[in-house]
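Going by the order they are written in, the chains are A, B, C, D, E and F; count residues from 1 in each one.
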């Protein structure tokens, strides 16, 4: 069994062979060439990004969301500095000077972690979401400078007028992120305000979001700085690696101890992630995407 | 009366004339040409950076220290990212992964503000100082993830071994900052650790610190990233301007209402800042620096 | 020695006689008839409201300020209810609905206590003051939903636009409270907003404030509800009595143990409060107010 | 589709017609006349107060409970003032004087919100409930001045002796609130103590509770002030309206987008609330109450 | 029906008779003699320690875990004192001196309660667990001086090097506690460090743990103090009794009101705890342990 | 210069000689033999326990008070266990069971530290003091489960009735601790309640207090457990040593750098602690105690 973080590179393909089990992020549905090459090797492929937990969550993805949520604030704070193009405000203000307003679209894992750090910065934080129970929980556990708002288009636009920093944190599993901030909305924002769109890997919450890189992380549209780095957690590799290992470890251990079929037999969520077995495609989603034949995996 | 933030530029010198009072940061002792030019204009000059409060504090400088202290953490967090040269750790970690260690040398205004923000980031924070009463106060008002340590060379070196982020926050009024981190100490630190030396305007707490700019903020020595931007608060000009105005306003109002002599007559700390009166030098420090004659100001 | 809370009523005057010491709130300067009547009785009168502490504070008045500050929020919350004339908002909102904005003019004893309770209500609280050190201390010890602003006319007017509840908490010892909210400013406020003017006993912070009573506590000007009950702490007599006793007890004990002259001999602040001795006026302020002769008290 | 807050008034009945869907609070089981009149109009009626969430909760009622819980403390604080009939104590006391004791019967939505605000007032708060897991959660998220007690008759009576303010917050869905405080128990309480019975809409937790109005909110029994205003949230209409809209919006949107049958087909909790369809009664409860025929709604 | 805390003593056996129901901790599987004697009496026995709650928890055992978790820290603090054999450190340190490190193996009920108290002591606390969701919840509700780590052998050994106090808090229901600290690991620990093994009733998390008593609570192995008192909660009998009563009360009331069969008919978790009925064994576990015949209980 | 913690033992006396400076705790006034022996050696003796800070505090004693205050709670918690003789209550209770009441006499350094730890234990804490400003500060920085009460005999007796744990924390510098708890008062307390008298080194706050040792720390009077260990900090020697070094270091460094006279010339508080110079007694207190001649030290 081989455990990796990212999908195998073309150089590595020839090294793979039947009998091996590969546990890593594959994102097969986005790469037909990779899918075909791997099928030919005959390996058993378990796509960690699709493993489901007992509550329907994605345990191998959650830590990346936590990291991205927390990082979004440190990037936002930095790019609000004037030499970085921002409007020159300090998130927490100082005694006698008001703090900045941080508006977080989405109160899930990304949003909660962003709100915690923004609150720790002493900013004035609002989290928007449509799930009332989630808002209640956030009010139970967040510091007093985090307020929650029920999200609708009217409220979003109202908050854009006040926002110094906007965090796009609405991710819908297996779907494009909803377009909550339109191009026309940017004119409501203060010049030099910053958008950090954590949902960029799924297309972004802002219509004007397009993926950037750590080496060239921002661009400006209508006076608003956009930070849309894909794979944000890559920048804190040390933290991310530990977090990933923690998430993967229980699965890896069970697979190693018991073999793929036994390990999957009482864990539907793991079985769901088995994408190839001995060179046969077992993922319905991948099969449908590339119109390929498939055979459901039976643990 | 003219109120500014920074010293007058050469272009502005011809516009000044006897009878005017100028209240701004002058830093005359660092600029003989400026001093002479201003003496010739015949203005009355009040150097805001030298106004003293009733407790011996510097009320027009304190907000800049607060801002620099808070900014030091957002810069530190950013430059700990690997693409910025850092060791790739997230200050607060995530559940299951330990937070980074932030070591703050000095528990004064800069250090307290740095500690607050670092704690808000969920880092593991230690503040070192030699003033036991200050450490007690910090423990009374800081979050539980801030610990305090009595500072001595042994403890500093011990903490360098653990530090992911080191904040140099020891400033001694009117003197060079003490050299608390020697070049040889850098080898104790983790590769990719970051030093943010807020004391850089006074020479820095680290032997290896030299001033940098917002456009080129960091350099690396022995594997340790140094962020030593002079005038950090300039990057958050909106916040800094409000903070400065707040600090200056009470003085400006009193000077405007009552004139320089009356305003200074019952405020020694303000009188102390009167550096020139009608073209005569009244600051002993400046006079001694440039071996010029002076006449003490009598309110 | 007789210890009371309020000044003696006319019915009680005949009962007083030379040799007695009366320790109570007198407010002599506001009542010439009382002053003359008491001088005739020959008592020694110590006006507790004028006793000074070692830091220049007024230890027998401070607890009343604490109580009034805390009560101001419960009254404000109540009169924001629509049946009471208010705009029908709940201070803390609920999850998904934003909290109300509470603006507190003054960060002294009254303001700090008001801010604590308003923050506990989960409101969005700002405290305005001109004392930067006080604002710093408040940020150290207040919950995260309290922000501080440097107070000037511009900022006050800006905050009036946002305020649901305004607390007038600026008291200057021995002087009329400054008029910080003018009649014309009321038009900036939301209809149904509430002003609680704790400074009413000294004339009020709002131009439109005039004293009201617990039985008829509010009136409306330009759509803004005014709550200006004089002697607010009277409504929580149980709490107030204990608080007053606590404040008075050390003085009463010392006076009882050692007699007036000895007790005052090493406590200038207490000596200052001795207003009559054996039928002679010893308070300069009272003497000047009524153009009466006086004899300084020598402990 | 028509969306309202309260049931249609008789004047509005003639305006309703077949084909319309009305989404509002109906409380049909309490009003036979209304039920019959509406059946004749032929409308489809969805009783928002009976919509069930996925966890068996009542999402359109919960925000009203939150508001009532929070308001109960501000009313309690106010009526503890002596001019309002109370015993003259300030909930939080002041330094040196003990806080008041607030006893909250029930740790559900109402009780939790009451406890949060009472704790923010710095009172000494106890919450009684019989659900051990709920008590554990409350201890996890409440401030340190909230204690929890397992509720039984002995403990309730013990706490009545200590209580300055008692909040009745035990509501059992679809049933009369249990009578936890008997008339004879009032004699245990301090004279001037206050009972705020939030459960009054369901008959009240106190035997002596009877509904009052915002214009005449309290009465006194055996020396204990009773505040039993029905529909407390009506007094903060601005906050309540937003809260209700937030709760109703997701249902309204789904009904509008998809029509009643489709919207209900995958949401049993919504289907459950459909009380009439095209003039036929579909609510078993209402049918049984008035002995009328009914036809279950099939989405 | 008889309700007790502990199993009946031999002296009490003759007093029991058919028709009685006994609700208490029995631990029958550990005592064949007791089992046989009770069968002969003909009683109905409900073993409270095996009652299951709706979430699969053990509601009559949970309060004992809470108490043991909290007590573990006060015992650890005490035995870290040098006269008790410990290394002479104060858990929270003092300003200027670092706090002690408390390492808690397991983040369940015991671990959470231990962490809360250790954090309140101002120690530097880490909780290790393999359940990522549990670690997330702990970070939501614990003070900032509690960090969480994903538990594996490498991390445990690393933390042993740093630990002043180790709490063994890993309990697996109905199984031996896992051996997480081996004898060889003790050499990693500081001399005078303390292990409090709360899991001792299930064999202990440390290989070197063996049960001790309140009268002779500790022993030392390889320089490490072991505190392994079985039945820790017995030492705070007043608190434990109330806690037990709270947990048992709802069951006892239902049994008393409705009789055993009816009370069990809609509560599988209670039915599960019925170990004997009228002298017949109904517990499969006990039957298997002693190879005795049994008859499942049907409510 | 020799720096120690405790006074030199007789064995060490012959090793001392003129020219040496000894900086340690001496407590000379309690030991005439030691005083005479040291005078003969000709050393210069600086009694660290009498060094005064700029605010009149005792900087070398304060850390010991902090340690003793914190330890008092862990000892109290332990001896409340029934096997230790206590009444069997857990300080923090558990959810559903009320916490214990901790009554702290005195809100100085000892009391504040005791209150912090007791609050961290989740106990119900009250601090009694007569200094209103101190009580206000404590309310600003203590957790919400700490209340403050103005101390008088009536309130003390009232609290004794409620107390599970009483901490005697009233120390008056250079004087016997006041007797606040009389023998007759013990009958008010619950049987098995615990008194930890931190003031024992100065005679104790309780009439029934007499010094005990770490090996035999408690005794019982009238059913109340007394823990009166003299030199409590000795039990956490590791923490105490660091704390003492921190406190002494600045003085030691200054003495070493500049010599005794120069170091004392601008530090009256240090000069005050110079008890012998070159064999001449310079401490007035010691001289008066033993009727010996002395010569004031002039820096």
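In the analysis below, contacts are C-beta pairs under 8 Å (C-beta built on N, C-alpha and C of every residue); 3 or more make two chains touch, one makes a residue touch a chain.
Remember, it's a predicted structure, so these values are computed and weren't measured experimentally.
For the touching copies subunit A and subunit E, the fraction of interface residue numbers used by both falls below half; the interface is of the different-residue type. Between the two copies, subunit D and subunit F, the C-alpha superposition involves a rotation of 180 degrees in steps of 5. Across the two interfaces under comparison, D-E and E-F, the one joined by more C-beta contacts turns out to be E-F.
Rounded to whole angstrom, the centroid-to-centroid distance between subunit A and subunit B, based on C-alpha atoms, equals 38 Å. In whole angstrom, the spacing between the mean C-alpha positions of subunit C and subunit E is 55. Multi-chain contact residues, meaning those touching two or more other chains, occur in subunit E at positions 63, 93, 95-97, 119, 122, 132, 141, 150, 242, 246.
If you sketch which chains touch which, the pattern fits none of the simple shapes: not an open path, not a single ring, not a star, and not all-to-all.
Of all possible chain pairs, those that touch are A-B, A-C, A-D, A-E, B-C, B-E, B-F, C-D, C-F, D-E, D-F, E-F.
Looking at the complex, you find that subunit B touches subunit E at residues 93, 95-99, 119, 122, 124, 126, 132, 135-136, 138-139, 143-145, 147-150.
Against subunit C, in their complex, subunit F makes its touches with residues 130, 132-133, 140-141, 150, 152.
Interface of subunit E with subunit D (complex): residues 53, 55, 59, 62-63, 141, 242, 245-247, 249-250.
On subunit A, the positions that touch subunit B within their shared complex are 63, 66-67, 70-71, 74-75, 77-78, 80-84, 87-97, 113, 116-117, 119-122, 214-215, 234-240, 242-243, 246.
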